[in-house]
């Protein structure tokens, strides 16, 4: 039984970790921290958990308690994992960070996008980017995991087969992405109010979004060189889900793209390549740790269109975090993650 | 391993049965029928099930195939179970009917509300109303279960403690109920279109709804005599969930209602009485087989207000059906139903 | 041309005033205040207004500027109108207050529900409760209007015909009300986030809501004596709209309720009594200054059910405020308010 | 006063025409047809119109009645206008067709996309494509208008400034478009149910959508030659609104795109170019006859991103139809269309 700690459990990735771990047969949450809610039973904040965590209350972060866990998840704003990860690793506790703290390998770039110095550059060498479809072997031996962002997960998985095979012009990639509102978190902000986001659709951060360097870093690795990516995120009126519509110019029209994608993900338990002509819906992965995709080449032209969907809180955050935990602890990768999406 | 057949699997209660049974360790779906979709793999219709039922396709209903099952669920419009249940019972197959066919004990009343003669009055004597919180012992030995409707489940569970204890005036009960749109099913109808139901709220069927006699029948049993009930259903713009706001006049103000409710459901795995002052949200039971409730007496007056929520597709239909199956087959009642609701 | 000032224009009732006044042929907004947004053009905050108020920017509240207006609307939290109304009245400016500051005639009761002393009890005598269907004649000569709350508007209009005619038992009234999320305002709060309110339904404030004394005060006037009211508000996942489901016991079953309601509102431009058997939808009044209602007596019993819908931001706030302005200034009551609701 | 007839008034563009014309000072609807609803008062089907069209009922289409109108709008499925337009024109009645019947100039291409022969090729020469921002002068003298589709309106208006100025490579245009569900019409179909479309997002018709040839035809005219366009439509869970995210490669980075767009639309009453850095929201044009847009060049690269939003039922259909009527009859182009969008 893996003893689990969670730092920052009051946000949406926190409650989603609790929901997933409640049905995980080999993990037990022994500590969950929140400065603001210390003392409050978790089920008082999240009544869906009533009956599942009856003894568990939020507590003030305490390295001694967390250091006694086998693994600690950070479901925190950026900066927090920087401050605590080193100490936990020193205590022999593995760290799975759902924030952006260790996603970028270059601390200078991190500082530029997050407007503050990187707080733990000495840990970057051993931090492993937790995208199992790329880094499974490294994850097995890792002590520190940077769980990919939600947009980066949907986007990278969609582009990878093309770039790894050298089939797409890497200089003119476009990721037109749409996210549900839960991606903005549980913080009180006018922009995330129901009355501001329902029955409306908009783009945002077209000038530059923090997930851009993360995606670019991953695509560069896949392409074996520089890439040019235009990334336009949009807000769509739903709670969960990301739909990435990806555009790339193919350099060889003769290749069977469907076969390429199917082969690339044939052994991946959580990537589902749909049949030719399909249009994946975000609801088909609601609550599930799946990235579902389809590949099109409209009018048999040069442009390939990949449609890739995830639940931003599961495969885009907490589910992928649990998947990493399973790999790190030698468990069946699908433990606690094998349920179907909820439709309707 | 219980061998399961499903008749009429293309609707929302059908796909929900499939979702729940996919994670049930002691049940296996061996047949699912649909005349209109015969031959189609279930995962082609419901992509959330891809990877979960890879060999399973819809088939034309065949009593030989269904009769080889241990249990058959009817997820059909009314009338279908009337036609088939007898034959299946004769073949030694248990029947769990999610439709209204066996909910009313009086076939004359059934005929009045459903505008057609009752098709199997000879089975009414052995049909058991599948509300485990009332009929658990009868369910254990039953061969034919009438799964309660969604409104009736939320409403009866909310009123039962008051009526069984003789604490409410049974002549002036009000059930002001609100349902998500999935309660109307997956049939193509203008009234259930997104553009007709989103961003709007309305009452419907104030003159009389088919769930009225079912609720009344259950409340009469609890009260040990006649009841007067006004039932006003409403449509609210969400997919899943029922919220019943129940009003009754208490005949003895001195009783501790909170204690009464807590005691009534102390041993019920799927009824959750919240603390004093709570307001249950339907999202807290989304996807979960739970009825969550709270009891209020505003301004310390004579009127008690019970707030009772369920997911109409789970505790209000498919989850309750599986709960009945567990009881009928001597399994742990919670098997396959112990996951937490999905919030947010 | 009526010169209009608006205090506190950044909230939803503020922007709705601007939307309605933009199409009003006899009114011109000359000042709109907001401390936090002073200097910002209103169309920068509300892009739907681009092209409609090109010269208008938020300004710091200034009694000299506001006192030069013919009328000032307060679209503010409670307490603000208390502080400023007297000074404006002294300057000869009429005041239409959309907040709760002058709704309750009893300052002690006000203090109890709003947890602070009443700030302008000396003005209560001349404050007129701005429900035109009750107080039209008083409104004509008023200098200070208290615009009714949203729940109180829908609830009072629904109960009035019954109580004025002495046809309902005033001791056991129930108002089961459902509101869209915009009723909670534009303030940043976790409880109003999209991810907290979408795809869910709940009751709130069952113990006691600030609109309870306001409704009771109005119903008492109509009934000519004490009333007993249970008021249960609910939150429904939509932006705009209130649906009041009202229950009362009739004391004389022989009366033609439909005729009673139609006669009561025969000359009201903004109350629409629908035909027998109707179920008004909130979307039918979306954006329109209409209260639409239907009256039922289910199973021909003693209980009458009135269904009453409004747009909380229009007939429940800003539209009703403009209607009051029209009456006060001798204009056609329908000016600027005659457009149809937006459906779908 | 323009006498207006409407053929096929039961769908969403029909009711939207009625809503807009109810507030039009120079138009009067004298006939509205529907075979299926003949005899039904329009306000019985659309209660938002109660009080606005009290004498008006649906009638069986009758060329004599329609031919007595000054103008007839077709709010019908394709094919109907083909059958009737000629006869009406012969009777001296102008025709404004909201369907696709006269949008494509090439009848062979029309037949290919609509799977039936073109029914009135002899009228194509005089049919004018009713995009006022391009064809205002032709519209003035036209007898037969083809109102542009919703996607084509948002997409063409966004690309036009670039293509007319020769600033974009016409061979690699991408239109990633998102539509609310009302775009699918009011027909009963499973795919448009609330429970199928809410809380989900998907692409559709990636292989080829009927609006593709219409958009291409318009862009070709603007570019003065062939264009290569990839058009990917998506369904987003809201009732109204289209958001077009448009991608083009600029051939000259030195041009001030903001100035280009502002100049192109300086005199257009219904196109609003927002300031640099803006992200138009669909809700800002909800119910309004406006196309609002912003132009970006992320990371100062070669790719220009235009964000263009409309209300699909207004500027994308019925509002644009009324705008055409105003132009054709020498009225102020803004009559009946000058109200602000409804936000929130």
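Order of writing sets the labels: A, B, C and D. Residues in every chain begin at 1.
Everything that follows uses one rule, which is that contacts are C-beta pairs under 8 Å (C-beta built on N, C-alpha and C of every residue); 3 or more make two chains touch, one makes a residue touch a chain.
Each chain and its UniProt protein: A, B, C, D = N-acetyl-gamma-glutamyl-phosphate reductase.
Small disclaimer: the values here were computed from a predicted structure and weren't measured.
Peer 1: Between A-B and B-C, name the chain pair that shares the greater number of C-beta pairs in contact.
Peer 2: B-C
Peer 1: Compared with subunit B, which chain's mean CA position is the farthest off?
Peer 2: D
Peer 1: Could you work out how far the Cα centre of subunit A sits from that of subunit B, in whole Å?
Peer 2: Here subunit A and subunit B have centroids separated by 36 Å.
Peer 1: From the C-alpha centre of subunit B to that of subunit C, how far is it in Å?
Peer 2: From the centre of subunit B to the centre of subunit C is 39 Å.
Peer 1: Listing for subunit B: what residues touch at least two other chains?
Peer 2: Correct list: 12, 180, 182, 186, 195-196, 198-199, 237-240, 280-281, 283, 286, 344.
Peer 1: In their shared complex, at which residues does subunit A touch subunit C?
Peer 2: Listed in rising order, the residues of subunit A that touch subunit C are 12, 180-182, 186-190, 192-199, 237-239.
Peer 1: Sort out for me which residues of subunit D touch subunit A in the complex.
Peer 2: Touch list, subunit D to subunit A: 172, 174, 176, 178, 180, 195-196, 198-204, 206-208, 228, 230-232, 234, 236-241, 243, 245, 247, 249, 277, 279-283, 286, 296, 298-299, 301, 303, 305, 307, 309, 344.
Peer 1: Where on subunit B is subunit A touching in the complex?
Peer 2: Subunit B reaches subunit A through residues 12, 15, 18-19, 22-23, 46-52, 182, 186, 198-199, 239-240, 272, 274, 280-281, 283-288, 290, 292, 313, 338-344.
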